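The same chain A turns up in both complexes below, where it pairs with chain B and then with chain C.
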Partner chain A sequence: MLAFAEQGMNGLMMGAIYALFALGMVLIYGVMHVLNFSHGVLFMAGAYVCQVIFAQLTGNYFVAILGSMLVLALVGCLLEKGIFQHLRGSLSMQIVASMGLIMIVQNGIIYFFGPLALHMRVETVESKIRLGPLSFTAQHFVIIGVTLVAVVALDLFLRHTRLGTALRATSQNLEAARVVGINPDSIFLMTFALATALAALAGALLGPLFLISPAMGDLPLLKGLTAIVLGGMGSVPGAIIGGFVIGILEAQATLVLPTDYRDAVVFAALIGILLFRPYGLFGKRERGEP
Partner chain B sequence: MTSLKGLALLAAVIGAACVPVLLPDQPYVVNTLTLTLCTVIPAIGLNLLYGQAGLLSLGHMAFTGIGGYTAALLMKGAGWALPEAMLAAAIVAGFAGFLVGIPCLRLRSHFFVIVTLGVGMIVYTFFNNLDGITGGAQGLPGVPRPRPLTIGDFTIEFRTPRGFYWLALLTTLGTLLVQWLIARSPFGFSLSAIRQDETMAASRGVDVFAHKLAAFVIASAIAGVGGALSVTFLRVAAPTMFDLHASMNIVAIVLVGGPGYLAGPILGGFIFIALPEFLRVAAEFRLIIFGFVLVFIALFANRGLIGLADSLLSKMKRDRVADEQPGASPHAVKSEG
Partner chain C sequence: MSEQTSKPILAIRDLKAGYGGGRMIVNGVDINVGAGEIVCVIGQNGAGKSTLLKGIVNLIQLRQGTVQLDGKDVTDLPAQKLLLEGLAYIPQGRSIFPRLTVAENIRMGGYLIKDRAVLKRRHEEMEAMFPALAELRGLQASSLSGGQQRQLELARTLMMDPKVLMLDEPSIGLAPRIVDQVFTVLRDLAKLGKAVLMVEQNVRKALAAADRGYVLELGKVRLEDRAQALLDDERVAQLYMGMRPTAA
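After this line comes the complex of A and B, so read on.
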């Protein structure tokens, strides 16, 4: 029972990371119909930028996170303008471009920082918080708390601001959005910047807890993809719930099965759920599809 | 035109077969080419699946792995010869494709793509952890080389780079022939119809699910053959040969070469295996440069490199026709005015 509760907390923490990650991917997919397979290396790059700002510039974790989000948002703008804007509607070329980006970013990071993992010593990782007989790092609570704040802020933004409404309109019907005077290009740009900033936030949050390494984004990419498919491919609440479900599921699975099977369990669950709900938990059948 | 194409094909095949004779003291080049062909065979299977039926699988190497492990177990444990082991690999991989295809092919577009990624991950996990059968992370080393083949008084020894290269070339040509035959059969036409418009194909009486399943099984069986060849060439079946990176590489080989074109996977395979070798002059930047190459291909050759060449050729042809028939093209109108 104690192990169950402990893994529940760990799962909630990883679920929060996956939710942030999936949120970025689902925003891009929902608005632009682009599956960004390079989201994992952007997440990794976010952690590296945060580490550099933290260890070499300020020493303030909060500033480092904000700086990393800002830098990655700019990178996101460049990627959208230079690459993904031109690849809307071609899934295969999105994959090719993403693979190219993965090679560029991963090997670029290895060139500058070396292949070895980096540490990032922030206070919240060193200090422990006790819950009854269990103890977790304060970073666990920071991650879950920040994710909840980010989700609420995003929800308020999407539903109660003009810009957020314009974003939702663009995702629902591009032509109709144009007719009412929304400029889709600037919405695409904003969506990409927002999504890459969320990836950087997730990377900057997870980096101190684990190690910062060139391959740290590979598994979150798979889990993020699983989360948005589980949520129904385009549903924002679905992606968040999908992320948490995956985090908790894989943490609990380690209690029953060897750790090596953790990732297989997640995908087996995905296939099992899709057998009964082929459009995901919150997905709707699109017009024209049988 | 057709006979010209046939001649070019014959010349290409003879040229490819002569490479080890022309470069007798370059076993490295010959072995690199053999390795390329080992990768090209599963790519031909994926090309059939994606180029013909429009199904993009991101976990294709799982079936290559199933074929590879089958062949390795049979040849190492039961002492089977390569042809029988290859056939068994194709059958087992095809059957695995059948089992995976039944649930997965009911899913649409992006759902299918992501689920195949999951299948690749699950199968890799089994390769890596079922120590009793697959040898775990260490894999199955010591797969025997195929026995020498004697025709008359001429013996082909598969221990040499040259002999194995010919074997790989022959196998590749065999799978290409399978794809060529399928592309020209009514079955192939139905697959193309499904790729272009599934609803339309269904309304014209094509059993969409059965056709997709058949294509998936054939693609998996071809992948299995490739796996059997790879493990006999490298003499080991190891999980990392068939992980998600390998699967994504195969996908990129097909997409970069030109999906749907017979020569697409071959060109893609050479670009993926040979170009990084060639870029070794740039040492640590070579993978970064290769990344930029991929981004450029995505931006400027959205039907792959052969697709790009194809559309340039047909554009040239159109221009020539337009020049011969004045009045039919805007240039002619301008000169009159």
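After this line comes the complex of A and C, so read on.
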């Protein structure tokens, strides 16, 4: 029972990371209908930028998180303006470009920072919080708390602001968006910036808890992808719930199976979903779709 | 031959538009629409009706000719600027935002209105004009009937209080009774002084609601006349309303 509760907490924490990660992917997918496979390396780059700002510039973790989100939002704008905008209309080219970005960013990081993992010693990782007989790092609570704040803020933005509504409108009907005077290019730019900032946030939150390494985004990419498939491609609440479900599932799986099988359990769940509910837990079957 | 309005609010001159590949779908079209007037463009599939409207609002890459709105040359303005100048366009088929609420859809029509008070007032005006939509304001737009969705498109478009309203087949996919309602709304708008330019396949009902009409064939205007005269024209009847030649 104790182990169950402990893994529940760990699962919630990882689920929060996956949810943030999946949110960025689902925003891009929902608005631009492209799966951005470079999301994992942007997450990783976010952790590196956070580490640099924290360890070499300010020593303030909070500032480092915000700085990393800002830097990656700018990177997102550049990627959209410089690459993806020109490939609009060709899905395969966009996928190839995002694969290429993985290599460029990953090898770029190795070139500048070396292949070895970096540490990031923030206070919240060193200090423990006791819950009865269990003890967790304060970072666990920071991650879950920040994720909840980010999710609520995003929800308020999407549902109650003019720009957020325009973003949803553009994702639902591009031609109609143009007709009412929305400039889709600026919506795409904003979406990319928002998504990469969320990737950076997830990377900056997870970085101090584990190691910061060039490959740290590879598995979250697959898990994030699983989360949005689970949630029903394009559904924002689905991506959040999908992220938490995967985090909790893989944590609980370690109680009954060897730890090495953790990832296999998640991907088995993905295969199951694809077989029995291909439109996800929350996706709706659109008219005309099989 | 047709009675020309004294000063057209929308004047299209020698418009050519296409999608590339060396062929112009619309090939030199002149059209005038006056304030308070409903003008209907009819023609077979592939005649270039939809392309004509897209060409006018600059939603097509390849185009030549001039578009004048209220005496001002607006040929090179993007669709967004045209909307601010008073030229609104409703594309073919369902152009609503399906998963936004009815109220959100209407407010999106005023996306370019920066003043919140104006936005709120216009929204209230639209709900007064379309009381059915006011009752449904919290529902997802996709749950509305076809006729209600068409009303929603009109309400959304009227948020900008346009001088000219262009519609691509407003009757498509609607039951006959609902089609009549839509055309009644268009007549009411014309009475308020709006200029309406629509393209239609439902030739009989559209011409009955219109003041003037143009017949488009292979990207060119073949006939132009008062709507009633076109309705009485035997060639139009044969070609577009499925009538057999009377003397055959």
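Everything that follows uses one rule, which is that the second predicted complex is superposed on the first by the 285 of 290 C-alpha atoms of A that agree within 3 Å, B and C clash if a C-alpha of one lies under 4 Å from a C-alpha of the other, contacts with A are read in each partner's own complex, and residues count from 1 in each chain.
The working rule: a residue touches a chain if its C-beta (ideal position, glycine included) is under 8 Å from a C-beta of that chain, and two chains touch if they have at least 3 such contacts.
Bear in mind that the values here come from a model prediction, so they are computed numbers and not experimental data.
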Next on the checklist: Please determine, from the superposition on chain A, whether chain B and chain C clash or fit.
Outcome noted: fit
Checklist entry - In the superposed arrangement, which partner chain does A:G59 touch: chain B (first), chain C (second), both, or neither? => result neither
Next on the checklist: Looking only at chain A, is it chain B or chain C that touches more of its residues?
Outcome noted: B
Next on the checklist: According to the stated criteria, A:R162 is in contact with first (chain B), second (chain C), both, or neither; which is it?
Outcome noted: second
Next on the checklist: Applying the document's definition of touch, where does A:Y279 land relative to chain B and chain C: first, second, both, or neither?
Outcome noted: first
Next on the checklist: Applying the document's definition of touch, where does A:R178 land relative to chain B and chain C: first, second, both, or neither?
Outcome noted: second
Next on the checklist: Going by the contact rule set out at the top, does A:L35 touch chain B (first), chain C (second), both, or neither?
Outcome noted: first
Checklist entry - Which of the two partners, first being chain B and second being chain C, lies in contact with A:G114: first, second, both, or neither? => result neither
Checklist outcome for this item: After superposing the two complexes, the shortest C-alpha distance between chain B and chain C, in Å, is 8
Item to check | Residues of chain A that lie at the interface with chain B and also at the interface with chain C | outcome: none
Checklist entry - Where on chain B does chain A make contact in their complex? => result 50, 56, 58, 103-104, 106-111, 113-115, 117-119, 121-122, 125-126, 128-129, 198-199, 202, 244, 248, 251-252, 255-256, 259, 284-285, 287-288, 290-299, 302
Checklist entry - Which part of chain A faces chain C closely enough to touch in the complex? => result 162, 165-166, 168-169, 172-173, 175-183
Checklist entry - Of all residues in chain A, which touch chain B in the complex? => result 35, 83, 86-87, 90-97, 99-104, 107-108, 111, 222, 225-226, 229, 233, 258, 260-261, 263-264, 266-268, 270-271, 274-275, 278-280, 288-290
Checklist outcome for this item: Given the complex, residues on chain C that touch chain A span 59, 79-80, 83-84, 88-91, 95-100, 104, 107-109, 111-112, 156-157, 160
